[in-house]
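See below for the structure under consideration.
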Amino acid sequence: MITLQEYLTVAALLFSLGLLIVLFRNNAISILMGIELMLNAANINFVAFSQSLGGLAGQVFALFVIVAAAAEAAVAIAIIVLMYQNLGTTDVEKAKNLNG
Amino acid sequence: MESLIPVGLTDLQGVYPALNLAVAGIVILLLDAFFPMRSKLLSAWITLIALHLSFTCGLHRLTSGMDETFFHGAVRMDPFTHAFTVIICLASTLAVLSAPKYLRLRDCHYAEYYALILFSVSGMLLFSAAEELIMLFLALETMSIPVYCLVAFTRDNEYSTEASMKYFVMGAFATGFMVYGVALLYGSAGSGYFADLPRGAASSPGLFYSGMTLVLIGFLFKIAAVPFNMWTPDAYEGAPTPVTTFMAEAVKAAPFSGMIKLLIVAFGFSQAVHLWMPAFIGIAILTMVVGNMVALVQTDMKRMLGYSSIAHSGYILVGIVASVKLNSSEALASVLYYLFIYVLMNAGAFGILILFSHKNKDTNAIDDLVGLGRERPWAAAFMGIYTLSLTGIPPLGGFFGKFYIFSYAIKAGLTPLVIVAILTSVMSAFYYLKIIVAMYFREPSDPQHPAAFSYEGYSVFLIAMLCFTAFGVIYFGIFPKTPLTLARLAAASLIPAP
Amino acid sequence: MILLRYIILAPIAALLLNLLFGRFWSKTTTAFLACGAVFVSFAAAANNCVYMIRKLAVPEMQTIFDPVFSWISVGRVQVPVDLVFDPLSCVMCLIITGVGFLIHVYSVGYMSHDPGFRRFFIYLNLFIAFMLILVLADNLALLFVGWEGVGLCSYLLIGFWHTDMKNASAGKKAFVVNRVGDLGFLLGMLLILAVFGTLSVTDLRELISTAASAMTPASTAVATTICLLLFVGATGKSAQIPLYVWLPDAMAGPTPVSALIHAATMVTAGVYMIARLHFLYALSPVASAVVAAIGAATALFAAVIGLAQNDIKKVLAYSTISQLGYMFLAVGVGAYTFGIFHLTTHAFFKALLFLGSGSVIHAMSGEQDMQRMGGLRRYMPVTYWTFLVGTLAIAGIWPLSGFFSKDEILLSARLASTPVLSGAALFAIGLCAAFLTAFYMGRLFTLTFFGNSRASEETKHHIHESPWTMGGPLILLAVLAAGAGFGLRQFENFLSPIFGHPEEAPHEIKLAIMAVSLLAGITGLALSLYVYLRRPDIPRKISTSASLLCDCIANKFYIDELYEKTVVRLVYIAGIVSHAFDKHVVDRAVNWTGGGLRFGGFMLSFFQSGNVGTYAVWFLIGVLALLHAMGGVHPPPAP
Amino acid sequence: MIILQTLSARLPDILFYLFAGLSLIGAVQVLCRRNPMNAAVSMVVTVLSIAVLYILLSAYFIAAAQMIVYAGAIVVLFIFVIMLLNLSAKEIGRRRYTLFKAFAAFVAAAVGVSLLPGVRGAPRAISEQPIDPSFGSAKTVGRLLFGEFLLPFELTSILILAAMVAGVVLAKRDITPNRTFSPVDAILDLLLKSDRKDKSP
């Protein structure tokens, strides 16, 4: 029997995988993917709660998160392109001129 | 047949300050698309007028004590929100005033700058009005996304690109946590409305407290509390100075509104307070100590002000903790007053940096200011006022801001916290005075060729901004009554008198 | 009625204008603005005074209250900036702005060739503003702001020609001595706050008038402590024993400053403060008696020193100290009205004397030594005649104003009985001081204006009457100094809402004292005229036969040296010790702390590696810590 | 037959485990694949599996949106940029395993574990059948969007507009227009239209 807990566990695992991707990948695009996964994990939570509570608000929330994720991705892609133009790389570890 | 869109004109009027700004932003974009003018001053003026309208609307609503909800309770326009409307619009106005000449010097004076600022500010205003989690989240995104772009606005500057990248990565990372927290809170309470959240603690405390923590982390990131502060100095240093001004004030002040509201309305019941308050006290201490300590070794003023802004977040956190502990609107009012003064003095300090920025180079290093007192006594005097106020020297505004916050914190029995705050304040005097020493007492390393201070960043807008901030820091320090009265009015709507 | 804040705002506005735009306009405009602003204040104060006199019959209209704003309010501690205009502050206001205006006009002439012209007027206006804050303040905290403010202006103006090392150190001396006094004042204020919970004079008066019936010995002791602490502040500001030493040195400043600050207004702040808090002093007979005794002692002591000074301004400075002693004597024996009346008349004649001396110094090309003057009567008729009025007034010759005020003080002293000194003793001291005053003033006058000129030819060549900007104020002040005495009864009536009517003395005693004090004045003057005109050998003889005494007097009883030897030496030793401590312990500690902090900052800044991946890790550590701290991992049970 | 019956009865469970597993495998692939293109394709797998999970939760509209927006737009955008910038595996760089990375992994795992107790506290079961057949349909969600959540919905328009402007400003090489508009010229044109026309050759 699949309960809410299974869904939440999957979400938590996905979220942790997202975290790991952000931490381990140096590539800005991959980091972005990690962040998208984190948002997706949150969305699974929203939809699962929506179903279990019997209210649709959670689904609407999920929809808004998808929209926000899309907006973030658009800006992120622009920043990555700019970074490639200015710094010649998309490796975030190579961009550390600002420090201290 | 039920009406599909059961909202009326009153709802739109209710969110007028934000709506007005968004419309102005669209107008700017359209104007620029169809009538592209060489000078972008028209856009600047439209921005200023729109901000002014929202400002006056907020002020008027604040004095008239309007307190209503709109859009099915998604937003609540209460005096607390109005106060933040006023502070945010003021801060943004100051940032916009400082922008045109600097952007022209950097060859990136585009109308989009103003549109983005306006979108961001409209997000902030809705953010401070939000009564519901998803509204809060979307407003936060609307506020942040334009800023990611603004940081990289000088597009061929690698520092600014790097700053933007770091700010974005960390910002999106924090957003991920916050959304996850929102999901958990929604799951525990079954609703996104702040007022409904406490019942989540009863039904499923596990979800609730995890959610509370993650949502608060989102806020702590935005206000740059340690250890979520790492992006601040880098982003502040790399961003174009007017954008730094915007970030250090508006983008800094706005998150406090949502955080305070959430802390009091949703997490204000005693069980939750017992959990988050010690954590906040710890964070406040860390923030003050780390912010001030690292600022000591900085040589770049923008970076130093970045760390100092971290430290100031710590002081404000002290005020928030004190006001929740005392459950006193007066204490909360002192937080609002502090934010107001902070906006003024910080904007001024950045304004001076903009005033002396050159065509291809900023004047950011403290060493660049050597001899300013002799060469440009007025600018040096203004800078002196801002720095002294940031240090907290009476009778300037910064002193009273700290004084009020600390005295309420003592009243709340947070004496150890206040001791740390005062000690770190003293520490801060070292690096603020470094600026004054550089301006007045240090001899240029090469006496034959003292630094030439040309007002390349001069513009009427900027001068107006500097005069206003300097005047404000002095005037509202000596006569704190008006802002304090308004702040009390605002705070009383969140913490009703017992 | 004009709102009180405008009385203060006028000079502030003028000084701001001069400060900001002064370089763009001429000296004339600067002077016009500065003088005009003080005149505006004067007119406003006078207008309010007239308004108040009209309403005097209605008790609650006797004060004008102007709550400007609430400055600090944290919980119970409220420091509102409230201004209050009652007969007492009215008198003070009129003196400050009236005499201040005349001195401003005088300074236009006196300072006309000074490169620091604009700066001078900015300081003067600032001084007037602070002085007005001091007298108009309803709150002791605000009064203290004015108190410190006038002090600040005083140091700035003493050291006005700060290229001169001596002047700068005179400013420093005034600063240091006043710190001692201010410490007392501050302690007194804090004690008041602790005991009464308020610093508002109005509230204090109400509190005390309701509580006066329930005085216990303990509360009397508290009142005495408060009063004595405040009096320490007053001795500092008003140059009384033992803190008088700074005033003679303060004469290093420009003469109009000496007239305005060190004769007419600032130095009377102590007297004003005691009069303002008279209800408090009324609770403590001991404190009042101490005030009277110190006042009387200072009056005599300073007069004696004044006998042997040769610097014209130094004589006047000691005379000021002595006259201030009279005022303290008066307020000490409870004759507040007469104390304030003497303050008023003294403001007139002493300002007149100082300005006259300034006129003389101006004419003598900066010469201040009386032994190089003489015979100026012929060259400077206006100065001569006005100076004569001033001298007669201070000597207490009927019908000039000094006679009335001094006579009333002596009378009150005679009738008083205090726990420290009997009324008769106080009276005797006062009378002696009066005689000496007449004598040294006669000496000063004779040496300056009569006889033959002892100046060098070159100086003599330059002697000229002063311009009208200097002469005009002299004449006006002379008229005031001459005629003010006749306003005594009206003055009494005017101040009666605050101090009540003084009781009538028996007629015969009154007459007797009048006669005695007049006699003292006349004999003093006559003796000095005789000695210094006809028998100039007598002083020389005395100084040879009683050289020890004369040296003593001429060297101000070696008080400065005594202080030098004891206090200053002690402070010096303490300074050496603390310097060593500072250098070896504190400095090192500070350096280490500073270094430690910087090192800490340096280390912490390593965390800011610039690598966004590391930032994320620190972020996660924060998340982890908060999840544990805020109950995400171990949630508390549902309520 | 029995097996089939059991299977059909347990179908939602099986589907859940299948697609939950797929989504996690996809995520692990994103983490481990060095070639960004492979990572992006794995991302598509994850995103689509999540969409199926949504369908299992009877969130049909969200599932559709997830497919269209994520698989259809966002990931395509990623792939587009990867190709545009021509990011090769070399460009992505070697992975450096340092002590700090191990520490980071530990912290991330700890955070993930710390999030689990909350899950255990969630008591409610997923309802087997939706109460209302229209639950999660475009119509019901749309009603909410235009009713209770109208303001957030409108706010997303500003959000997307801002993101669009931001993207254009940052990524477009030259955003200054070739011809600029001058109000003075425009007014002159209006006033002197005939003259100018006459003068023009």
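Labels A, B, C and D are assigned to the chains in the order they are written; within every chain, residues are numbered from 1.
By our rule, contacts are C-beta pairs under 8 Å (C-beta built on N, C-alpha and C of every residue); 3 or more make two chains touch, one makes a residue touch a chain.
Predicted model, so just to flag it, every value in this text is computed and none were measured.
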- Task: Quick one: remove subunit C in your head and tell me the pieces the remaining chains form.
- Result: one piece
- Message: Quick check on this structure: which chain has its C-alpha centroid closest to the centroid of all protein C-alpha atoms?
- Response: B
- Query: Distance from the CA centroid of subunit B to that of subunit C, rounded to the nearest Å?
  - Reply: 48
- What whole-number Å value describes the gap between the mean CA coordinates of subunit A and subunit C? 73
- Task: Report, in whole Å, the distance between the mean C-alpha point of subunit B and the mean C-alpha point of subunit D.
- Result: 29
- Message: Measuring centre to centre with CA averages, how many angstrom lie between subunit A and subunit D?
- Response: 8
- Task: Could you list the positions in subunit C whose residues touch two or more of the other chains?
- Result: 605, 608, 610, 612-614, 616-617, 620-621, 623, 627, 632-633, 635
- Contacts with 2+ other chains: residues of subunit B: 134, 138, 141, 145, 148-149, 152, 155, 165-166, 169, 173, 177, 180, 184, 187, 204-206, 209-210, 233-234, 297-298
- Item | For subunit A, residues contacting two or more additional chains | 8, 15, 18-19, 22-23, 26, 32, 43, 48, 52-53, 57, 60, 64, 68, 71-72, 75, 78-80, 82, 92-93, 95-100
- Message: Thinking of each chain as a vertex joined to the chains it touches, would you call that graph a line, ring, star, complete, or other?
- Response: complete
- Task: Going by the contact rule at the top, pick out the subunit C residues touching subunit D in the complex.
- Result: 613-614, 616-617, 620-621, 623-624, 627-628, 632-635
- Item | subunit B partner contacts - residues on subunit D that touch it in the complex | 114-115, 117-123, 143, 146-152, 155-156, 158-159, 161-163, 165-170, 175-177, 179-183, 186
- Note on the structure: In their shared complex, subunit A is touched by residues of subunit D numbered 12-13, 16, 20, 23-24, 27-28, 30-31, 36, 39-40, 43, 46-47, 50, 53-54, 56-59, 61-62, 65-66, 69-70, 73-74, 77-78, 81-82, 84-85, 87, 91-93, 95, 101, 104-105, 108-109, 111-112, 115-116, 118-120, 122, 124-127, 130-131, 135-136, 140-141, 144-145, 148-149, 152-153, 156, 159-160, 162-164, 166-171
- Okay, in this complex, where on subunit A does subunit B touch? 8, 11, 15, 18, 22, 28, 31-32, 35, 38-39, 41-43, 45-46, 48-49, 52-53, 55, 57-58, 60-61, 64-65, 68, 71-72, 75-76, 78-80, 82-83, 86-87, 92, 95-100
- Message: Quick check on the complex: what are the subunit C residues that touch subunit A?
- Response: 605, 608-613, 616-617, 620
